[in-house]
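Take a look at the structures below.
Heads up, the next two complexes both have chain A, just with different partners, chain B and then chain C.
== the complex of A and B ==
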């Protein structure tokens, strides 16, 4: 599939600005251009998406949203396949029951339907139940048997071809819905703003997040009066941008340095921040400095509210997130190379330089410091986030790797 | 002095030499503190240098240095002020029909209000001025003018020597016992006491690494970094947001202080409280190094009741990053305020130990020292 490969390559080169929406659009085009065989079409789609997904995740593992969308699409394929098969089984059962004048036919049909049911169950790639595990029949081998086991084979193949088209169609529709959700997540979160912001409140935030600004604008539209302290968020200084936007909308804003967060937080009613990713245990990967704010908020018993769209929810557990899920940026953001070039001349006995500069991009906030998550699906406790994972992701997709299929 | 009381502010303005213009977008929460435009005063004062009769030129010079930020740090400001006062006292002559103690005290008060206009006093300076005034009051009437001036000169000399220079040596001696081989020491900003400790420990041959945490807008850590690297210490430099990342490697935290208050609160450069809080969360000992003359009997619970506000323009600009210019013209919009706090108050729970020239004490013992060694006995 040279076309999809070209698309993937252009995407990878622009991965620095990759967003969840772009990933979803890319996977949609991969799916639509993928030729599916008549049999086991879901498996083929899944393989194709996994192949592309592996490359995307490997290109930038820290950008967790890309992996999330890959897993969401895989889950969509499995779900659509399951729903189609249960519908097909329902049809088979109906046809078996209605044909009751001819005993032989009925017997043949009922046996057919039982075998078809079992085979179809195996072919839908559901998580393996104990029965299928004990039967120990390979998944993809079961499907050809149904087509050869009895009459109506032309009817079956006609069914299957229409089913395969239907599967791709359904999957692409579901992916379109996913893209729509990603695009509108800010509005859905902002609708909940009025429940949380009252009158004469003081809100603290750090850095800049589009979700947070939309949230605050929505509260302002509903005529709630509040003031905002924005911590500038060195070394990217995105707080300056947010302050400018808020002031343009008529909100009373005070810009403070990050070092003043502890000093000011005693006068703050609520801390509202955005997140880069939400992990399976309810922990948050956020721009650097967020852990400081969360600790200060806990000390002063100020609620720490995290706004995150559901596409940011990652099914992985954060092991050693400061190191493994972090990115170290250029030291020139902290120290000017020209000014400090003479310090690089001093070395210790072994020749290593005396001067090291550390500039991490992300911070990990443990779940016990977060009071509330507000997603487009409503407000949740951090201890509930693992449950949402079951809604959006399948257990088979946690490690996105194409399984080596013998004789493929 | 409450700056939200309009009548008193008017009276103050009439008397003052420096004519400060009030900042335009004032932060409501800090209306009780002076917020002035910083940029305009320095050239005006520099031009007036030869026109002022009431002020001694040495005091004027020190005031200008405070205003421009050339001298900063509690010890440096205190020493500069006391040396300027020494010169002023040397050149002083009692007018006829007046007693030396009363007239000199009034003169010193006028110098002090000039210095306050340039930059609000630090606690160290306040304590030194109290000492000086009490010494002036103690001068017996029988003493001649030259003898009185010599006494005061040597008193000031002794104060600087005992309370600052020797005190620092004692602190360094105590503190290096707390540094072991293989330690990773974290410090915030630039404190003279901590710098001396690190240099002395390095001279003694101890093997350790230093992490210097810095913050906006002053970037004081850069100067400390340069000096330490030149001495051969291995340093890691980072900014305050990255504290949670770097704290995993750290074994001890050394902090300086502008003052320690009687409820154990450490009053120090803004950001110290954040560092101490994170260190406490990681169960890392926090050692505060502070000379005893900086202790004060005042108490404070948060950083808002008493603080100093710096120049807001230094927040809107980021030196070296011209692309961050979103806030050009910030003073034109009435909804935007920039807040540049200079100090903050670290609660005593976060501090493990305070190292002073009276020894190593827990934060709860500070009021004991203020009471036992304060007032009469402290200034022997």
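== the complex of A and C ==
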């Protein structure tokens, strides 16, 4: 697929400012251009998505949202396949073909083996939680209906081709829904603003996040009057921009330095911040300086609330997140190269630099410091995060590596 | 038909519109990348591989440049390949650069090009550049954003069609001790108009021994303000208008971009073309010019100044590398012994093995290297597939692909091992030596021009060398134990290049190794000496000044300040004059300088005349100091008073001759201050004073020199006569010189009477 390859290349080059939505759109076009074989369509789609996903993730491993979306799309394909096979099983049960044949000859009759695998996966994948149980009942109830309405009327071959089309179609539908979710996640989070921000409260935030600003605006629009302290978020000083926006919306704003957070926290009712990613254990990868704020908030028992769209939920557990999930940026954000050039003259002295500048982009906030997550699906406790993640991702996709899966 | 017509009309309209500068701005940005530096600084490595393909932190240099060009929004790049063009083209064809969307890379190949100027002329002939373009060489690392510089360039171009080039500069302080920038290049002096950012002066080969640079006085006359910088670094990134190419074609003797083109444009402003500068602050840009800059830029990359062009971010097919704490970059599949110590700011490439108890710090290790146990690597650059056996020591060296170091070999700082060299067991390679499989090409003169000539024959020469090298290679392996045993130890293969004459001194400047301590102390001592010399001069001046002021004080001690002023003024004039004599400054210029001094010290022209005359006489005394008595006459101190009395006869003839010479040469200068008789009298009085006090050597010659001055029309007879008249009523002691010149005065009086 030269076209998709070109698309992937352009995407890779522009990955520096890639968003979750762009990833989803890219994957949608990958799926729509992927020619689905007669058998094992889901497998082909999964392979195609994984191939692209692998490239995307490798291009910038720190941008976790990209990996999240790849896994979400994989999960969608599996889900859709599952729902179609359950429908097929229902149909096959009706036409009364024995299961034994299929177990012997998997490759020959993939539809059935896929069904068997999916059925097996289904039980392992989604351990019965309250939510899955609630979600599942209507689906399983709905499946026989579709099969009975669609399957009976057509012949078997026609049914298969329509099924392949149907799978792709359904997947694209679902991906579209995902894109829609990503687009509207700010609004959905912002809708909950009034429940959390009360009259005459003082809110502290650090740096700038679109989710946070929308959240605050939503509360303001609902006639809540409150004050906002904005920590500037050195060295990128995004807080300055946020302060400007807030003032433009008529919010009483106080701009403080990051180092003043501890001094101000005792006057604050709630800390509301955005996140770069939320890990499976409920830990947060957030702009640098956030851990400081979280610790200060804990010290003064101020609720520390993290806003994150569901695409920011990452199914991985953080291992050494301060280093491995961090991005060290250029020292020039901290100091002027020209002024310090004589400190970095390696020509004299031992030849090794005496001045080191470390400029990490992110902080890791451990889950115990977070009071509440607000996602587009509502508010959650940090300890509930793994459960939420299990709903969005399938366990097979945690490692997006095509070969390992293809070998099995 | 109608449609066709319409289309034609539209095309015509488009053509018309495209003349509009706004539309020009929308033209895709082009770039010329010179994949050849046209120098020989990276020899012997560049004999086998072009400089742009040398790995810089495990990625070929050209990738940094191309990645930056792409990110900066350049749509089309012409890569100009000359030396080893095939290697460059092969590399590019196999790389991902040819398959990028919105970014085309085209190669232009030529073998008989010997300089950047020729390359640009060739590109001009090909007629591929249509608008503004970025001129860069393939060894430049940058992460700056071009948008602002480009916009500035375009706006200037719109206003002034002669603004043909914008040069990117960056602040970087040069080392005060070694007089070179941190990149190892010479200290650069630039004069920039602070308002328009126009470049007015560019000098990268300033003569430090004198400690002066020369600015054309027209610069000062024409520009309201000039700021002179020595703390700017030239990034060698230029945004050029298409005129630049035609300029190169018009001036076929332009070879070097800076030395000829920039200086040429700045010096002869016949065409009125202007060069502007754009200073970048937060972003990074540097060109790798020599081994030192290779070292420095590598360290900057590891320190992430070039972000996002750093090893752990993928930008051009570099292998996935993880950044760990303390700036340790590690690729995948590394075998590292538990006891090996890998220090901070180290990069280790894919598939490298490190043995036990080895220590590595501040170094870059390439892919597939095998490092034995108990090896010490410090500040070194080790490229791919190098085998280092147990117990080797490497400090601040460059080791190219495929080198084998046998057990216990030691590389002293500054060593460069070219491709596939084998260093024998326990062999110690001396500091700053360069080792290659190829023999050193016949040494040319270290003349600048030959750098190009050298290069022109580079390809031809190279092939012949290759042949012989292959032969000798074969021989070497067979008889290496005998013939080359003394060269590189047992089993060693390769030649140690002799450092060309005169180069030895400079070797430490451009090497990867830090400047050795003793050199630094030597240099700083030399600098201190210079300073001491200056201060000594000062003290010498002030002592002599004090002497005079003392004598002044004896005459009339009313106003200390004005006295000091006049003393300083005299000293300044004297210094100016002496410098003028040394450097052969034109008389007009000296007059200008003395006048400015006069204004700044608020002196009369009589003072000027006195001071100038004083300095001339001083010079006359100093001139014979090449002979034995020089030392004594140098200082007009009590010491010399004694001495001068001892040598009056010996001096008189020579001194008179000297004085006559100097007066003849500089009479114009003196005359310009002798507007009236008063000034002339002032001179005589001054002379008298000198003869009495500071320069008694003249006292016996007073009458004769007076005569010379009269002959040269410097003094008119009226002045002399009035001086004589004034002295009539003075003390007897004051009359010494009047009496000495009595005959002359007598003669003058008679002459004037006769005329009457």
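Assume the second predicted complex is superposed on the first by the 336 of 408 C-alpha atoms of A that agree within 3 Å, B and C clash if a C-alpha of one lies under 4 Å from a C-alpha of the other, contacts with A are read in each partner's own complex, and residues count from 1 in each chain.
Simple rule for what comes next: a residue touches a chain if its C-beta (ideal position, glycine included) is under 8 Å from a C-beta of that chain, and two chains touch if they have at least 3 such contacts.
All values derive from a computational prediction rather than experimental measurement.
Taken together in the superposed arrangement on chain A, chain B and chain C fit without clashing. When the two structures are aligned on the shared chain, A:357 is found in touch with chain B and with chain C.
In the superposition on chain A, contact of A:80 is made with neither chain B nor chain C. Legend: residue contacts after superposition of the two complexes on their common chain; A:59 is shown touching chain C, with no touch to chain B. Judged by the touch definition given at the top, the superposed model places A:324 against chain C, while chain B stays out of reach.
Of the two partner chains placed by superposition, chain B and chain C are both touched by A:336. Chain A has more of its residues touched by B than by the other of chain B and chain C.
In the superposition on chain A, contact is made by A:289 with chain B only, not with chain C. Once the two complexes are laid over each other on the shared chain, residue contacts for A:243 go to chain B alone; chain C is not touched. Between chain B and chain C, the smallest C-alpha to C-alpha distance in the superposed model amounts to 8 Å.
Residues 336, 339, 346, 348, 356-357, 359 of chain A are contacted both by chain B in one complex and by chain C in the other.
Chain B meets chain A in the complex at residues 27, 29, 214-217, 222, 225-226, 229-230, 232-246, 248, 269-271, 273-274, 277-278, 281, 302-304, 307, 315-316, 318, 320-321, 324, 326-327, 333, 335-341, 344-345. Chain A makes touch with chain B in their complex at residues 232-235, 237, 240-241, 243-244, 246-247, 250-264, 266-267, 288-289, 291-292, 295-296, 299, 322, 326, 334-336, 339-340, 343, 346, 348, 354-360, 363-364. By the touch rule above, chain C contacts chain A in their complex via residues 70, 99-102, 143, 170-173, 175, 177-178, 180, 182, 184, 231, 281-284, 292, 295-296, 299-300, 303-308, 313-314, 320, 322-325, 327, 344-345, 361-362, 378-379, 396, 513-515, 520. Residue ranges of chain A in contact with chain C, taken from their complex: 6, 9-10, 13, 16, 58-61, 323-324, 328-333, 336-339, 341-342, 344-353, 356-357, 359.
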